[in-house]
Amino acid sequence: MHALVRELYPFCRSITGDGVRATLARIAQEIPLTVHEVPSGTPVFDWTVPREWNIRDAWVKNAAGERVIDFRRHNLHVVSYSVPVHERMSLAELRPHLHSLPAQPDLIPYRTSYYKEAWGFCLPHSTLERLPEGEYEVCIDSTLEDGHLSYGECLLEGDTADEVLVSCHVCHPSLANDNMSGVSVATFLAKALAGSRRRYSYRFLFIPGTIGSITWLSRNEDRARAIRHGLVLTCVGDRAGFTYKKSRRGDAQIDRAIAHVLEHAGRPHATLDFSPYGYDERQYCSPGFNLPVGCLMRSQWGQFPEYHTSADNPGFVDAGSLAEARETVLSVFDVLEHDLRYLNLKPQCEPQLGKRGLYGAMGGSGVRQIEMAMLWVLNLSDGSCGLLDIAERSGLPFGAIHAAAQMLREHDLLALAPGTP
Amino acid sequence: MHALVRELYPFCRSITGDGVRATLARIAQEIPLTVHEVPSGTPVFDWTVPREWNIRDAWVKNAAGERVIDFRRHNLHVVSYSVPVHERMSLAELRPHLHSLPAQPDLIPYRTSYYKEAWGFCLPHSTLERLPEGEYEVCIDSTLEDGHLSYGECLLEGDTADEVLVSCHVCHPSLANDNMSGVSVATFLAKALAGSRRRYSYRFLFIPGTIGSITWLSRNEDRARAIRHGLVLTCVGDRAGFTYKKSRRGDAQIDRAIAHVLEHAGRPHATLDFSPYGYDERQYCSPGFNLPVGCLMRSQWGQFPEYHTSADNPGFVDAGSLAEARETVLSVFDVLEHDLRYLNLKPQCEPQLGKRGLYGAMGGSGVRQIEMAMLWVLNLSDGSCGLLDIAERSGLPFGAIHAAAQMLREHDLLALAPGTP
Amino acid sequence: MHALVRELYPFCRSITGDGVRATLARIAQEIPLTVHEVPSGTPVFDWTVPREWNIRDAWVKNAAGERVIDFRRHNLHVVSYSVPVHERMSLAELRPHLHSLPAQPDLIPYRTSYYKEAWGFCLPHSTLERLPEGEYEVCIDSTLEDGHLSYGECLLEGDTADEVLVSCHVCHPSLANDNMSGVSVATFLAKALAGSRRRYSYRFLFIPGTIGSITWLSRNEDRARAIRHGLVLTCVGDRAGFTYKKSRRGDAQIDRAIAHVLEHAGRPHATLDFSPYGYDERQYCSPGFNLPVGCLMRSQWGQFPEYHTSADNPGFVDAGSLAEARETVLSVFDVLEHDLRYLNLKPQCEPQLGKRGLYGAMGGSGVRQIEMAMLWVLNLSDGSCGLLDIAERSGLPFGAIHAAAQMLREHDLLALAPGTP
């Protein structure tokens, strides 16, 4: 997964344009991906698909003709969606178009101006301060024209039409954790799931942030209703523990499943209540949809010094962190797949597990985890509790509860509750 | 407000009598006040309006004819509602009628005997201990006769008949914090509200404690049903932080509004659960009414050393504390006035705030409080949440939430939810 | 109660057999006890009443013919339900039949093999390690034959058919805290209740663990429905504070009553959430019954070093602890008996308690606990709250709340709410 991050990192992505297309083409080498092209000007709810932006080159040259800012050296040097410009101007005239971070003087910031026509350059503050007075030649060789918004979609059909959504944004240029990490983990999740039989269908979206989710929701109002659980994946590659931002509902099954998996992983993690700021969960959780979609991160946006700077490079992303993220999400999917309600078929007193070989014969010295799990499943399977409820109440890992339920089913002590899918 | 406390402090008030009338007359100079006179003997629920008590003079003279206890020096020297007496007696005979505080030997305690015919004097313990044996002449020149119970009422009509109640007791003689502070703040609240247009009607009651609220409720059962929110104001003038005692309901809108305002004021404060002991909230919150009425104090009754002693004098009351109390209650009223439910008119995904000039154009670098407030109002305005709910869930101050709602209404992104007054 | 523990301790009990019969016979000397005999082979839900086990002698002799393990010296030396054996064998052959505790080398462990035919001996690990190689003669002179399962039942009828269940296991051989302590306290609870008039009927069960409660429930499905509250008593004789394990419901009246009594006792105690492992509450709380039955202990099973070893002897049990357990349960029964819902007959404002002599006449100086209790009972008795609710919300002890309610009833200020038994 880290190799994919490294490979995709240099592409100059934005919310539209060839950088996104190249990214989707690369993902399509790994998984079955449908690429959609939505024309500029298409109304999508309160928004309009913007014109397509592409860029070939950009620079600021000093009086000696030397490139003092050079897009070819780093994608972040140009404000995303900058309109074309080619002029000579004094430093004073240029200054309002230059963005830097005085507190992080060696880093290039990431800036965008999608919906207001503007142009600008980003550069290290230390470079900015060394620029002498004088005349500069400024060039941004970009196009902002009618074209398309591109996004990729991968649907893995399961036994039911109920869907699990995985969404990640593909609009950030050379930023590795945000969000080639999410793109890479989502891609390899789809690869992992493609080979297995599942109850749920899984839909993966590779979309530009905000306008992409708005566009998808606008074109798929009916399909959105089939989403039972969802995750936005972003910033999952750094070395911090996981941070999970809950869905707007706050107690959705996805929220509880992730809390359970993270808690039993036994490593530090944090949970954030929903807020309407962040990534595309903002759109999925808007009141007209209110989908049960949370956001899984490690470091939270805006809370780590590398955020939206040139320091968010592939070296900031860790291969082990990516692998752990994928395994964690797969564990969450396991919970969702198997969180069903059962009925104890011998509900009066405990059934005699010993005579079925399910319980230790020698009394007087304790009980094993799988035996405790069977007792819990039997005790709480009155039709009102699902396996995740039982795992939560018992404090046992979902895996043990699920294994216990399987053993009890095999011995005809348990059956799916009526009405369970 | 402190001047009014000082001016009213010397009046000899009780639950009836001319001291109350003089107090009400003074308040009527500030605000439109209706004074009610309820005849002695009037049945009010399980109680009866008592005879009216007035006092001209009272003293204990020693053998030399010197006033060793002198009502003219402090109102608290006489047990309130003392029946007339004029006798000579030994110190031993007098002793059961003398009340002092051994642990606070220099202070005069405050004692009453409203419903049992008795007489008595209160004096510093240090004075009591210096009284020599011998004969004393005792005189209380009081009257306890059929008359009236007096209370004042000020109704400021708003756009609706729904009422906010402010109640304060006017029965305590020379005690400043308890409760000339509440009387003064209530008076100036009424002055502040009189000039503005309001959704709610505001009713101010200046009543003797217990029997006054019982009398009002007994005479106004129908009006009581219009009370949507209420506050008893008492002990709001000392220098401690606020203490709020919740209504019997515990989660009434008034309880939540006060908690919100106190929390966002960022100063130490305390919240008490309801208990059926305290001030007139006992009556408003009796099970036959169960009105959403809390009690705002600074120091709690019985919990400060000056409580019900001569140390509760105007010097114990602080002008700044009174002003802050008034401002705090006005902020609470602002919350109540504006805590309405709205509907997001573009509930599918976020509306594009940027094109309306409501959102910063430059992406990549954070969001301001008012922008966050707009996002929260849009996200939660599905008709189930009021603005106070949104303020609570977002952690933002109500003022920002309300301002955001106003801006969104002006841009036709928000409308009052159906059924909202 | 400690004398009864000492007297019963030496009996060799198991889940069936003459040791249980002798135990029940001794209890029947104290209280009216019906002894039931259920034949081996009787189906009881998913189980079958086992064959009856009795033992006369058992030993392991060394080559010199000396008893190196001798059942006559301690009942725990033999694995309960050991089938007969009389053989010579090497130490290596004997070894798998010997059970010891390496971490507690001087104690004999307690082991059973009720449902798998086996035999074995338990001995101190220090003894085991000293056994030389060589040939041993092994003898267990036991019988495992069709017979009966015995249990005792004592029903004390009250004014209603609603029942309080007290259950304790009588199957453990020479273990004092587990559970002659529970047996003794239950016996003396029945003695204490027998002389008083009660609202509830009280049913005491002295049963073998697991199979006993399953047998009783299987034979008494209808009666089980009358159980309103229940307690399993076990390990109540050691010197630790109380541990209460809640019923499966978690918020049953018995759970709240015990929490209240323990809290107001002002001594350290612990509360455990329900789990389906423990004592007979496992059966009472199985989903097909879901009875409100908790488990009162001091030290919890498995959590004290003496648990299921020869160190759980009468010296481990304290007479004061037994007495305190009985008093605590009686206090809990008091709560259950008197936790009724009342209606305030003067619900509008407070009734005037003073004129009825229920309230101090002198105002200005606080209020006593019984007065506070009356105010709470009046304030909350709107028909929705019982006296335990009121005790919980007020923080006052149930006894004060109940006494206040009695006083208010005597003054016609309170009446039972309609529908209250």
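Per-chain residue numbering starts at 1, and chain names A, B and C are given in the order in which the chains are listed.
Here is the rule we go by: a contact is a pair of C-beta atoms (placed from the backbone, for glycine too) under 8 Å apart; a residue touches a chain by one contact, two chains touch by 3 or more.
Here's who's who by UniProt: A, B, C = Peptidase M28.
Computed from a predicted structure; not experimentally measured.
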item	value
Same or different contact residues where chain B (Peptidase M28) meets its copy chain A (Peptidase M28), judged by the half mark	different
Equivalent-chain rotation between chain C (Peptidase M28) and chain B (Peptidase M28), CA atoms, steps of 5 degrees	120
Chain centre separation (chain A (Peptidase M28), chain B (Peptidase M28); CA means) in Å	53
Residue list for chain B (Peptidase M28), restricted to those that touch at least two other chains	none
List of chain A (Peptidase M28) residues in touch with chain C (Peptidase M28) within their complex	344, 346-352, 354-355, 361-367, 372, 375-376, 378-382, 393-394
Touching residues (chain side chain C (Peptidase M28), partner chain A (Peptidase M28)) in the complex	44-47, 80, 109-116, 118, 210, 213-214, 217-218, 221, 248, 273, 275-277, 282-283, 285-290, 302, 308
